[in-house]
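Shared chain: chain A. Partners: chain B in the first complex, chain C in the second.
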Partner chain A sequence: MTTATSPRSREFVATVKLLTFPLLILAMFGLFAMFEPRIASARNLVNISSQSTYLIVFALAQTVVLVPRGFDLSLGNAVSFTSVATALALTSSFAAGLPGYAVVVLGLLTGLACGTAVGLFNGFFASVLGIRSFIVTLGAMNICYGLSATISGGRPVFNVPEAFTTFFYSGTFAGIPAPILWTACVAIAVHVVLSNTVFGRTLYLMGCNPRAVEVAGLPRRKYFAIAFVLSGALVAIGALMLTARTGTGEPNLGGNLLLQAIAAAVMGGVSLSGGRGGVFHAITGALFITVLSNGLNFLQISGYLQQIILGLVIILAIALDKSRD
Partner chain B sequence: MTRSKQASDASQNELLRLTGITKRFPGVLALSNVNFDLKEGEVHVLFGENGAGKSTLINVISGVLTPSEGAISLYGQPFRFSSPQDAREQGISPVFQEFSLIPDMTVEENLYLGREETTHGFLRKKEMRRAAMRILARLGFGIAPNARVSALPRAQQQMVEIAKALVTDPRILILDEPTASLTEAESARLFEFVRELRAQGVGIIYISHRMREIRDLADRVTVLRDGALISTVHAQDVTDDEMVELMTGRKAGVLYPRIPHNPGNVMLEARDLHTVRDRVRDASFQVRAGEIVGIAGLVGCGKSELVRAAFGLEPIDRGEVQFDGDTYAHPTAAQSLEHGICYFPADRGAEGLAATRPILENASMAALPENAFSIRGFLRKGSEKSRVQEIMERLQLRPMRLFAAVGSLSGGNRQKVVLARGMTRGTQVFLFDEPTVGIDVGAKAEIYALLGELVAEGAAVVLVSSELPEILGLSHRVYVMHNARVVAHLEGDEITEDRILSHFFTDHTDAA
Partner chain C sequence: MTREQRQTMTRITHETPPVRLDWRHHLTETTGILIAVILGLMLILSLVEPRFLAAQNLANLLRSASILAIISAGQMFVIIVRGFDLSVGATMAMVSVVTAMVMANVPEGTATSLTILYGVGAGFAAGAAVGLVNGLCVAYLKVHSFMVTLGTSSIVVGLALYLTNGIPVYGMPRGFSSEFGRAIWGGLPSAFYIGAGLALLFWVIQNLTTVGKYIYAVGGNFKSAVFSGLSANRYLVMAYVISGLTAALASILLTAQIGSGQGSIGGVLTFQSIAVAIIGGVSLQGGVGKIENVCLAALFLQLLTNAMELLRIQSQLQAVILGLIVILVAANDIRKTRSV
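Entry: the complex of A and B
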């Protein structure tokens, strides 16, 4: 049996495959713009890129656990919990009168502590006790909901200090808006971890065959737990960026995020059965969802109808995922 | 030669005839103008190297694939299969290498999967159980119908797979390497059964790489090479060597190389190992540099578990393992690898390879913490690639495509990727668990030659194998296991088929 495809043509096919989805997003964008020219305005383009940043971070968080064949249902409520807890820390009497940089550091530390704590919880039960991550994070989802409702009393926490909102939302650094800059940093860091470290390589291998990884002497359980902690830290960074944007700690912030993050990751090409997908996929997936909802907003499609469309998109994404195997 | 013979057999009824079958896949010609026929009450063996087109051919016969060209006639009538169900209804039952069983269901649920017997929509459980018991009893393997498939050893799963094919009383049975996971004794029982079916007039298409089986069972043999029909011959008309020549297209060499025995230091020693689940009881073995030590025994005797425990994959209750001057009560895989010991799993799909990942990543998997592959947790991709390339060249990987997914490779190439893993770091002790299961003769010879090279370079090799000729042909010393214990240690001239077999079946040490 001989194959007729040369290495060069294989490379070509791979490139085409990689570019199909971004081109599809462009086509969808063009279609929307035909109905509503304002969609193609410079202002809306800036709008889309800054809106997509949050989803990119959350899609990356989901990707980091999907690759080693995990799943994180707690993402949305972990965002709410982190947001409320950070806002409370920042508005407490203790924080009053702190200089600007200290406010930022305090916020960052509180947020990361909350996010990684949730990740550690998920990672511990999923890897050390070997409970399915679907179940563990379902529990964590409820726990996070309870925690954020309890500490906030179910009400938004107002008066988040300006130093914090500037750093994570309204400020610019060398002309780059803060959300875009931080998202770029996060994306580069995650890319380096996934494709240039032993840890990242192992995540892909165990997503494909966990037994093989054990036979090869690699620390499967430890790395699986670390993946959840890393994912938790990414969730925290996204939550801080969202908190800065709204200027409040919101107990209901996470609402749609879980579904959107999963849809973005899977739509972009991250496999639900593990072992496939990376930063590029998470970003394109997030852009797809953002362009879609932006276009639907401009066309004045009702929010409820958009929910239905998002649901269908997720099912479509999973069907695509299955067909790739 | 074949023409006249076939004509003289015309008294037997023809079940199946394929004429000029061609199957194209995008970029690949899998079958080219192949003729094949099957008569009532015969065993017709399909013989060929991996990738010769055997699987494609049986997939065509069982309705899984539609041929691009050619005609099929079934029971004398022209026929076109539209689906596997269609073929099944026509009395064709295939048993593929890949199991179709659902692990979480019981044996009897699996047997009747998709063809449950019902009255007004309700399952007739009692009748199905009775029928299941009848079929299983006929096979004679003592499998309980209500056992969960995932709890059965691989050999018994194989028997369930065969039982499943028999539920519908097929007229044509297809067996694809059915003995790959069976011991000699289990195989013998299966052969008896195949003969019984043949006597009842069932036509059997049988795929195997094992010469002995072909000798035992085959009436006719069809040899395929590179998707083309080479010849159909009567089994008694050809010698083994002629058959291998037909298959490979080259002169048959000596399969087992002569490997000099130069025993050096003890590299690995297990003393009175007893595993937590009692699969190994108080077993000891040692292997020295420059020798091949065989571990023989029936499937399920604990020979695989013994080396797995010594490597660090089976929890150990008591006993100890010694290597590199240190003693370990509970060695881990990572420790063993660090000290130059590498285990090569029998089930390459389940334990060895990450199928969707590239060859490169699979080959370097066990060596990632080494300095040549990473520094402080960061991969050295350039160094990784050149190291792996070097090793794959030594192993003669063809085609050399380091970024191809392992899942797209043939059995022989997959085994090469697994072997590469042991060579990416300074491995001195090679623990091979059934290294040639499901591999064609050509690739086998390459692997045996590699074992010889390794030993000549001073490596210590442990060879766990259910294939007795392999143990006899390669080992300098042999440990025989029975019922979780090491019951014999044979050396030099003591290593004979009779002596090993006598220890397979006697329970003499269990009385102690």
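Entry: the complex of A and C
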């Protein structure tokens, strides 16, 4: 057993385990490239990395609540809500004539306010009242759907200012495309919070053994609620990036994102029963999903079939999650 | 500490309430409140909006309430065994498409009754298959049911849309659509009779059969059900199969009413069925839930929808209100189990 082996070989086994999944993604990529050489072109590689950024942010949002044994079903509709509300704020007469930086600040503030509000709502009911998180987020999912459809009248909000789309999508900073830069910042921030703060380490303990958190005198409910707020903020950042990419506030933006974010997180190795998983897992999981859907798109597989494949991936991820324990 | 011990410990300290509320008390309270609210709503509606009492409006109301009650009855069994079936909407889409496709493609010259029989049979088979997959995954992979059913719903909707390319399927016999789906028998819609029959069947199962008692036992405390020698997994799977079958029945009724097979039906019904079950007093802690209260809750929810439509409240806002109701009822459920 692992306890009998020396620390060094245990470390070796851990490294091998960590690298298995990235190698699997590479193998899948190679397989796709054999069928369709254009998949391996430099242009498509850039494409994949910028496409995966959004999913990475959403997978991180899901990871932050999965670690302390929570769950967020409201993710997709929270994205729609944030997108529509931000676009409405940016195109309102109030925002007309604002200078570029003010537009960006306004968008960022509106988006974060919406996202954290949803997170706070989820966190309050899930931790203070102790309702199971996925019932709360199921309710929040419907509330967000209703709100985004009502305030937008069910139509996309056009004319998002250019300063906003440049900052979050088309611009480059020191040669790095905006989505990649912001995602890297977010990923580093989440990694620091999860690994190097008492709050982050408590989330892991909460996932493994909630009782121990209370015995240790840590504020279990407060931290659980904060995890949801943090997740809401991440959802908002992802939603802003997506809104900048489409250039409109879309009431249907969330569509498949919930399933993809869950599939990415769990496939990457974030445990459904809490306590395991981090930034690395979310990123590899998101890359897996992106490479898969990119390859299927190149091979011209119908969107309906892709939906079936996504469902199968989720079931597979669940089975893998079980086998890891 | 092994994982098993850890899980047991968590369950004892966090998931299971220390003392369970007497369910008889719970039942009378829920039934009473629901009946009072329903009567109150009907009274207000008939005073404020005379159109409410129109025969057409009442028939529509009763038909939708019956269909909602049928889906929620299946959801109830799944929640009793501490699960959630998020795939009922997807199952309905799949069943609708399968039923319509089979009916539209039977060989020329087949008798109408046989055509309907094949279509309905195929629909039920499809529903049961989805339920079986859900049940087996939950029972043997031992994972959260909502993860499994989220995955299967993606697969099943994808399949329904892939089979039809997203286009409605026409070509069902008139005997199925206009003469059954939209029929009014003795002043009441056909779906009402079927819903009432099903409710009676489930009432008998819950109150007079051992199967019903075992399902409560498995939901109330899985471990003690296993220790008392029940093949608990069998009843777990059974609950999901029932849910698949009721979703199929509801879908067949809805398909007959619409007159075409649609890969898009069932959208909001998943959430509504969970809402109805919870409002009807089915406890999220498992082991508690009565068919009669679920039926009343379905009627209540449909009345509320009808009221909002008559008062011209935007349908999207209804989702907000429903979401809030579910969370508040769930909070109340927690409060009840804690305070005892």
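What we mean here is this: the second predicted complex is superposed on the first by the 321 of 325 C-alpha atoms of A that agree within 3 Å, B and C clash if a C-alpha of one lies under 4 Å from a C-alpha of the other, contacts with A are read in each partner's own complex, and residues count from 1 in each chain.
FYI, a contact is a pair of C-beta atoms (placed from the backbone, for glycine too) under 8 Å apart; a residue touches a chain by one contact, two chains touch by 3 or more.
The model shown is predicted, which means the values in this text are computed figures rather than measured ones.
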item: Clash or fit (per the criteria above) of chain B with chain C on chain A; value: clash
item: Which of chain B and chain C A:Cys208 touches, first, second, both or neither; value: both
item: Partner chain in contact with A:Pro156 - chain B first, chain C second, else both or neither; value: neither
item: First (chain B), second (chain C), both or neither touched by A:Asn196; value: first
item: Partner chain in contact with A:Ala216 - chain B first, chain C second, else both or neither; value: first
item: In the superposition, chain B vs chain C on chain A residues touched; value: C
item: Partner chain in contact with A:Leu272 - chain B first, chain C second, else both or neither; value: second
item: Chain B and chain C contact sites that coincide on chain A, given as residue numbers; value: 208-209, 211
item: Of chain A, residues touching chain B in the complex; value: 1-5, 7, 196-199, 201-202, 204-205, 208-209, 211-219, 275-276
item: Contacting residues of chain A [partner chain C, same complex]; value: 71, 73, 125, 129-132, 134-136, 138-143, 145-147, 149-150, 154, 208-211, 259, 262, 266, 272, 302, 304-312, 314-315, 318-319, 321-322, 325
item: Sites on chain B touched by chain A in the complex; value: 27-30, 51, 53, 226-227, 312-313, 332-338, 343, 345, 350-357, 361-362, 365-366, 368-369, 373-374, 377-379, 381, 401, 421
item: Touching residues on chain C, where the partner in the complex is chain A; value: 3, 6, 9-10, 13-14, 84, 137, 141-144, 146-148, 150-159, 161-162, 165-166, 271, 274, 278, 284, 314, 316-324, 326-327, 330-331, 334
